[in-house]
Amino acid sequence: MSDRLTSLREAIQQVFPQVDGVLGIRRGPGGIISPYLFHSEHPEELEALAIWPKEPLPDVLRKIQKAHPEAKLAIVCRGCEERGVVEMMKHSQLNWDNLTLIGLQCTKEEAEFCRCAKPYTVHAKIVVGEPIEGVPDPVTEKVAAMSREEKQEFWKEQFLHCIKCYGCRTICPQCFCNICTLEDEKFVETGRLPMPNPSMYHLIRAMHMTAKCVACRECEETCPADIPMAVHFRLIARDVQEMFSYETGAILEQKPPQLLVLEEGEYERTGLPH
Amino acid sequence: MIEYKSVLTTCPYCGTGCTLHLQVLDGTLVGTLPAKEHPISQGGLCIKGWNVHAFVNHKDRLRTPMIRKNGKLEEATWEEALGLVAEKLGEFKAKSGPDSIALLTSAKCTNEENYLLQKFGRAVIGTNNVDHCARL
Amino acid sequence: MTNSIPEFEENTNCFFVIGSNTSEGHPLIATRMLKAQKRGAKIIVVDPRKNQIGHWADIFYTFRPGTDVALFNGLMNVIISEGLEDKAFIAERTEDFEALKTLVAEYTPEKVAEISGVPADGIREIARTYAKAKPAAILYAMGITQHTTGVDNVKSTSNLAMLCGNMGIPGGGVNPLRGQNNVQGACDMGGLPNVYPGYQAVTIPDVQKKFQDAWGSAGPLTVGLTVTEMLHAAQEGKVRALYVMGENPMVSDPDLNHVRHCLEETEFLVVQDIFMTETAEMAHVVLPGVTFAEKDGTFSNTERRVQRVRKAIEPIGDSKPDWVIICELAKKMGATGFDFASPSDIMTEINALTPSYGGITYARLEELGSLQWPCPTVEHAGTPYLHKGKFARGLGKFFPLEFKEPAELPDEEYPFTLTTGRLMFHFHTGSMTRRSEKLDSEVPTAYVEINVRDAEKLGLNGDKRVRVTSRRGEIELDARVTDDIKRGVIFIPFHFAEAAANKLTNSAIDPVAKIPEYKVCAVKVEIVK
Amino acid sequence: MSEKIGVYVCHCGSNIAGVVNVAEVSAWAGKELAKNGVVIARDYKFMCSSLGQELIEKDIKEHNLTRVVVAACSPHLHEPTFRNACARAGVNPYLFEMTNIREQDSWVTTDKLEATKKAKALIGAAVGRVVYQQPLSSLFVPIDPQVLIVGGGVTGIQAALEIADSGRKVFLVEREPTIGGHMAQFDKTFPTLDCSACILTPKMFDAGNHKNITLLTWSEVEKVEGYIGNFTVTIRKRARFITEDLCTGCGVCWEKCPKKVIDPVFEAGLGYRKAVYTPFPQAVPNYPVIDHENCTFFQKGTCKVCQKFCPTGAIDFEQQDEIITIKVGNIILATGWDLFDTRKVPNYGYGRLANVYTSLEFERLSNASGPTGGNIVLRDGKTVPKSVAIVHCVGSRDQNYHPYCSAICCMQSLKFAHLVEEKTGADVYNCYIDIRTPGKGYEEFYQRLLGEGTHFIRGKVAEITDAARNASEEGKLIVQVEDTLIGKQRRIPVDMVILSAAMEARHDAKEVAQKFGISCSHDDWFIERHPKLDPVATMTDGVFVAGACQGPKDIPASVAQGAAAAARVLSIIGQGEIEIEAATAIVDDVTCVGCTQCVSSCPYQAIEFQAERGKAYVIEALCKGCGTCVGTCLPKSITLKHFTDEQIVAEMIGAMTVMKSFEVVAPVPVEVA
Amino acid sequence: MYEPKIIGFLCNWCSYRGADTAGMARMKYPPNVKIIRVPCSGRISPELVLRTFREGADGVMVLGCHIGDCHYSTGNHRTAKRMPVLKRLLEYSGIDSDRLAINWVSAAEGEKFATVIKEFTEQISAMPPFAETMKMEETK
C-alpha cells in the first residue's frame, strides 16, 4: 500500500511539468479523503495524497474540464475510472486530447470490495502498481441464480428501502445530464416514499446504464440503504456484451451499440421473433 | 492556476450530523460529495444533503441590509442598519428595561454564533429573554 | 441522545421507534437501523401513520395521537406482570419503582388498547420484543414531545428504558432525534431562557457570578421568556423589540394567525437571515447573514457530536457571517468582549466557560473529526453514551404518570385529528429546500394525507382539492388518499407557507417544557368544488 | 381545464354503429370525460361526409372548441379530411386527433359490449392525448436548381443529359479519368449485338460538351452537408498533373512516355497503358492523367519525358489536389457496380489456371479496340481456342457469396457464346443453373443461340481443373459439372473458360451511403424508398439512386432509371420550394448535455453535434420525424413534435383509466389500523 | 377471470396499417389491446414501456416494421437493440419478460397481426394481473 502511494507520488511528480494539474485524492481533517487537484507549484501537498477509498474522480474531472476546456489535466485513475473517462469521452463530455491518465492498479482487497472483474487500466501509459486478475462477483451471481419469484421479492424489499436520495445517480460519473428523467414526474412518481413497486426509479436508471456502467460501484457505496443496484447494471452489461459485443470503456472508437444499426448476427442473438 | 478543492463541512439540515464535501472550483460551489469513512454518514447522504449547495447561490439570497422606510423595506448600508439597531435597542433598554427586548438564537446557526447572541442578550442587553425554536 | 448513532449498527438489538418518521426526518439514522436489521435486530414502530420506516418495521401499529403515556404504561404493565424487567438494574440504579409498578398495574393491555387503538396482543408483542432484546434503544422525535403532555411522554420513555436496564449501555438508551442541524448546539450554548451555556441555570447566583466575571456583565437571576411567551408578551406590549437570528416563526410556530398579529404588534423587529423569509418580510431591519458554506464554526448533532463547519466560498454580495454581525452590533453598542478574529477564538471562550465543551478545541476537531460532549478537558476522548454506571442525578428516578388526553379532541364539528410533520424532501420552513430546484420539484406544495375509507366517506374520488379547517384557521390544499394513515387522522407537512399547517395547529403548550401541541388538533375536511 | 374538446363518434353507416353502441359512447364521453375538458360529444352517421365535417366546423365556432377528437375509421383514410375541416374552422390541424374504432374495433370485435368498451377506451386515450397536442405548421424550403450526379457511367450520363437539356446546371462527378463507365469496356451489347462504344460515345461527347454540364472527372465527393434543396458538397479534384486549359489531347505525352503499365481498370488487366494516359481513345474529357504511382519522375525523380515533348507545356508536376465546394439542390447517385472477384471461388481456378477468364476480361478480349484487336485467343496471345466453357452464376445465386441473381449474366453468357462461335467456330458449353431471359428480345436471342449449336448444360459447375485423367483431357481445362437434366456427372475438356461473374455493390458503397445519408441493403446495394412505387428515391429527400448502384441491372434498365431520377429531380426543381415534415424533432438547448447519443442513433444523419456549443442540433429539413432519437435521449432533451412523451403518456393513461374503470371495483384495502 | 389490460405501441407505417388490414379482412381478435400509434417503433423509449406497466398494464406490445422494411430505414434497428435489453431487465427484476412483446408486422400482414394479438392476449390472460403480482398500491 505504502509502496503504491510512494510510486504514485513519483508518477505525479513526473507528470507535473506537462500539465496544469493532477486530479487525485487527498486525506483531510479527521482522516476523511476527498478529490483534490494537485499542482506542480505545490508539490508539498502531495504529502496528503491518498489512494483509498476511491472517489468519483471522472465526474470531478468533467466539471473542471468544462470550466477549463484548454487546460492540460492529468487524472489518477483505476480501471473503472479509466473506463468512466473513456465512456465520457465517447459522449463528448471529456476532451481526451487534453488528458493524461495515471493508471493505478487495484489490489486484490480493493478489487474484492468492488467485486471487480477488471481492476486494471488498459489505456493509461503511466501505470502505478501491478495489474491483477479480476475477482468474482458473488452478489450478482446470487441474484442471477434466484428464481423469478425470489427476484421479485428481493427487489421489492430493496426498493422499499430506497430513501430516494438520488445519490446513486448523482455520484455516478456516467450520469452527467443537466436534467434527469428520474426527476420527471411523467415517468417517476415524485415525492413519494416508499416508492411504489416496481420502482420506476431503479428500472429506468438501470436502462439508462445500458452500455454505460463502468462497474465502479460508487452507486452502491453511497447508497445509505445498501441497495445492490449494480447487480442490474452488471447483468445487463453481460447481455450487451453477449448480444452486441460491446464492452463498456474498453475500445475508444466503439460507439454504444444500442444507438447503431444491427450488425451481422446481432439480431439472432437478441432472441426476438423472426 | 485552476483551483479545485473539496471542503469538508457538516450538513445544515437535520440533526443527524452527516458530513459532506462542498466541491469548490475557482471559488464557486459546483457540487456536493459525501464523505467516505465518516462515522455518521458513511459516504452516504439523503436528498437534502446531496443538494445543500443548491440554495447557497440562490437569487433570493439577501445581499444587503434593509431598513423599513415608509412601510417598505429599502436597501441600506451596514453602517446605517447596525447603527439603527444599536440605537433602538439601547433606547428600549434604557426606557423599558432589558426585559423589553427578546432574542431568538438559531438552531440553524453555529455554536459560536449562538453563544455570541446569548452573550449579547445577557451581557450587553441584560435579559434572559433568549430562546430558539428547539421545541418547534 | 443518550447514545450514539454508530452503536445502532453495532450494538442495538431492538429499536422502539415512536413519534419519529425517522426515514424522512433522519434518513441516515433510519438506514442505520436497516443495517442492524440485516444482522437480526428488530424494528418496532408505533405511529399514527405507516410511513416508510413503518414499512420496514418488524412490528408496526398505528395508534391514536396523544395516547403515548397510556401506551408506555401498558407496555410496562406487560413487562412487569410477565417478570421481564431488569431487576438488578432497578435495584442498583433506580428509585421509586414501587410507585411506578402500582400505577402501571392499572394499565392492562386491554384498557390501553381501548385508549390507544393498539390491540392488546400488539401491546404484549411490543413489550416482549423490547424487553427481551437487550440492548434496546428507544428512538423518538417531535411525535413524543410536541404535546401538552410532552414532558410526561419523555419521562415515560425513560421509565421504559430503565425498567429494562437499557440505560448506560452501548446500543440502548433514550434517543430523541433532534430535528435541526444545530438545535442541540443552540441549547448547549445557552440559547434558552433558563440556562447559560452548558445548562448552567440562570437562577443560581454562583453561575451568574461566573459569567459576570467572565463577561463583565450577565443576565438577571430570573428565567426569561420562551418563544411562545415572547410573542404573547409582544402582543401585550411587554416585549417591544425582538431580535431574530435565523428563525422563521411565521411558518414554524403554532397558530400562525396569532403569530402574525403578535409580530405586527412588535415595535422593533430585527431579522438576521439568508432569505427574505415570511418573518423577515415583517421586520424593521433585515440583516443579511450567510449560509453554512460561507463561514467557519461548529455544529452539534443529535448525539452531542461537535463537528466543524468550514468556509468554502466567500460571502455573497454584502452579506456577513452571523458571528461578525453580532460582534459589530455589540461593539456599536459600546460593549467589550466581542473582539473575536475567528470562530476558533470564540470556541476558546466557550471552552473556558462551558464544562461539557472544555476539551472541544478546533485543533482537536481538525485531528479527530469530531468529539462528543461531555468532553471536559483536552485529554478527554468524548462521551459516546451517557449514564454509564451512574445517572447524572445519582439514581434513576421512575415517574409514575397518569394518561391525560390532548388539549383538543375531535368532535362532531371537527371530526378529524390533524397531525403535522416533515417530509424527506423539505426542511422546516422550506426557506432553503424550497429554493433547491431538485427538492422543490419532488414536492412542490402542501398536501393532506387522508385514509382511503375516510376519503370514501367524504366522497373524495377524483376531486383532489380540499379545505381543512380548525378553530384557528383554514387552508386549501390537495388531498392524497392512502391506506398508510390511521382512520380519523389526517397529516399535513408543515413546510409550506402557502398552505401552512400551523394556521390550524393549537398553541396549547406543555406546562413545563412550553412546547406547543403540534401533533394533535381537531379539524374538519371539506371538498373544494 | 382550459381546453374545450369536441368528441365525434362516427356510425360509418352500420360499419361502426352495427357493433359499437355509438349513442352510448358519445353520451359517456360527454359525461365521464367532462373532467378532461370534453364540452361536447356527438355521434353522427357519416362524419367524413360534408355534413359531418360541417358539424365539426359549426361546433368549433359555436362552442369555441380548442381541440377535436373524431372516433371513426383509420386515420390513414380520413385524418387529412378532418384536419382540413378543423383548419377551415380556425383550429390548427395538429390540435385534432383521430381514433380508429372501425378497422381496429367494430370490424374485428364480435362482442358488441366489448366493442363499445374498447371504443370508450380508445376515445379516452385520444382525449387524454389531444389536451397536450401543440399547434404546428409546415416548413417550406427553396430548392437550389443545380444538381449533382455522382458516377459518369451510362446511367449518370443519361441523367445528366436529361437535366441539362431542360436548362438546369449539372455537376457530373466521376472517379476515373473519363466518363463512360463499364459500358465503355464492353464489346457488343445484348440482345441486339450493336457495338457498345458506337452507342455510348455520342452520349459521352454530348455530356462532355454540354453547356449545362460541368464534368469533374478524376474527382471524388468528400463531404455532403445540408438537406434537400440546400446541399453543400465538397469535391476533391485529384491532381492530373496536366493543365487542362493547355492540353489539346494530342497524345504525344503518352506516345513518348517510357513507362508501360498493366491497365487493371479499363483493360481489366489484359492490356497495357502508359504512366501518362487516357484510358481509351474516345475518353471524355480527352486530357490524360499522370499515374503518380507508376510515373518514373514521381518515383525516381528524373524523366519528365512527357514534359519535354508536350507541345503546349501542359504537363505540370507541381499540380495539387483541388477542393471544390458546390451548392446543389438534389443529388443523383449512379455509382454503378464492381465485378465479383472470382478468386474467391478457388475451385474455379481463376488466377491459377491461365485460361480461365472473367466476363470483363472476355469483353476486352473480344473488343476490336482491346488488347488483342478483337481476336479471341488464349493467354499465350496466339492460340485460338477450339472449345470454350461459359460458367453462369459465378458468385451469384450462391449462399456462399451472393444470394441474389445478377440479372445480366445469362444474357451476357449467351452473347459470349455467340461471339466465340462467330469469331472462332469453337465448341461452346454454357453451364447454367437456370436460363433467365426476362427482357424485350431476350428470349428470342436465347432461341437463336439454341439454334446456333451452343451446348447448354444445366448444372452448377463443381470444379475447373487442369488435372487430366486421360489423354483427351491432357493440356485442357476440365469442367466438372453434374448435368442435372440427365443426372450424370460430366467432365468437359475445354481450352478456355469464361466465368460470368456476379455484379456486386461497389466496395465502398457503405461509405458512400453514409456520406450521402442513405442506407444500404444487406448486400450493400443502396436502398430505394420503395421497391415498386418509388424505385429511384431514397429515404433521404433530395438524394436519388439510379442504375446498378441500387441493384444488378442491364443497360436498358440503368438508362431508364437515370432518366427516371432526372425526372424526379426536375419535378422537385419545378416546384421551387418543398414542404418539410412538420412533426420533426427538436432539441431543448437548456437541457441537452451534448452526449451525442441522438446523433449516432438518427437513421438520417439529421442531427449534428455542434461542438462549440456542446449541443445537438436537428436539421429540420433532414428530419423525417421517426423519433428514434427521442427513444434514445436519456435526459429527454429531444422532443418529437406531435409525438411528445407527454402526449403518449397521456394517451396511455387515458386508455388505462377507462379500462380500469370497467373493472369490478376492488374492495377497499384492509386498514392498517 | 379478469380482463387483461394491454397497451400496444404500433408504428404508423407497417404495424398500424397491418392492424387496418386485419380490420378490412374482418378478422376477429380479442379487444384487450389498446393501440397507440407512433411514427416508428424506434420512438418507444424504455421509459414509456415501464411507465405503462407502472400504470397497471398487464402487458405491453411494441410492434414495428420488419427489419429491413422500416419506413425510416433503420429506426426499428434501435428497437431491436433496445427492447431485448429491457426484456432482460424485467426478468432480472423478477417480472415475467413475456409481458413485453416485441414483434414485426408489415402493412400486408393482417392475419399475422390478428394472430399476434390473439396469442399475446391469451398468454397474458394466463398470468395473474400485473398489479397483483407487484402488490402495488393504487395511486389515487
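What to note about this one:
Residue numbering begins at 1 within each chain, and the chains themselves are lettered A, B, C, D and E in the order written.
Basically, a contact is a pair of C-beta atoms (placed from the backbone, for glycine too) under 8 Å apart; a residue touches a chain by one contact, two chains touch by 3 or more.
None of these values were measured; they are calculated from a predicted model.
Steps from chain B to chain D, taking the shortest chain of touch contacts, total 2. With steps allowed only between chains in touch, the distance from chain A over to chain D comes to 1. Central chain (C-alpha centroid nearest the global protein C-alpha centroid): A.
In terms of the distance between Cα centroids, chain D is separated most widely from C. Across B-C and A-B, the chain pair carrying more C-beta contacts is B-C.
Chain C has its Cα centroid 39 Å from the Cα centroid of chain A.
Averaged C-alpha coordinates put the centre of chain A at 34 Å from the centre of chain E. Separating the CA-averaged centres of chain C and chain D is a span of 73 Å.
Multi-chain contact residues, meaning those touching two or more other chains, occur in chain B at positions 8, 19, 38, 42, 44-47. Among the residues of chain C, those in touch with two or more other chains are 27-28, 31, 308, 310, 369-370, 424-425, 438, 442, 452, 483.
For chain A, the set of residues that touch two or more other chains comprises 29-32, 163-166, 181, 186-187, 224, 258-261. Per the touch definition, chain A reaches chain B in the complex via residues 20-21, 23, 28-37, 39, 41, 53, 55-56, 60, 63-64, 67-68, 71, 163-167, 170-171, 221-224.
Chain E makes touch with chain D in their complex at residues 2-3, 5, 7, 16-17, 19-20, 22-24, 26-29, 31, 34-40, 42-45, 47-48, 51-52, 55-57, 68, 70-75, 77-79, 82, 114, 137-138. Interface residues of chain A facing chain D in the complex, by the touch rule stated above, are 90-93, 176-181, 184, 186-187, 208, 255-256, 258-261. Contact residues on chain D toward chain E in their complex (touch as defined above): 74-76, 100, 102-105, 107-111, 114-115, 117-118, 121-122, 125, 518-519, 521-522, 527, 539, 583, 601, 603-604, 624-628, 630-633, 636, 640, 643, 645, 648-649, 651-653, 655-656, 659-660, 662-663, 666, 669.
Taken together, the chain E residues at the contact with chain A in this complex read 46-47, 50-51, 53-54, 67, 74, 77-78, 80-89, 91-96, 102-104, 133-137, 139.
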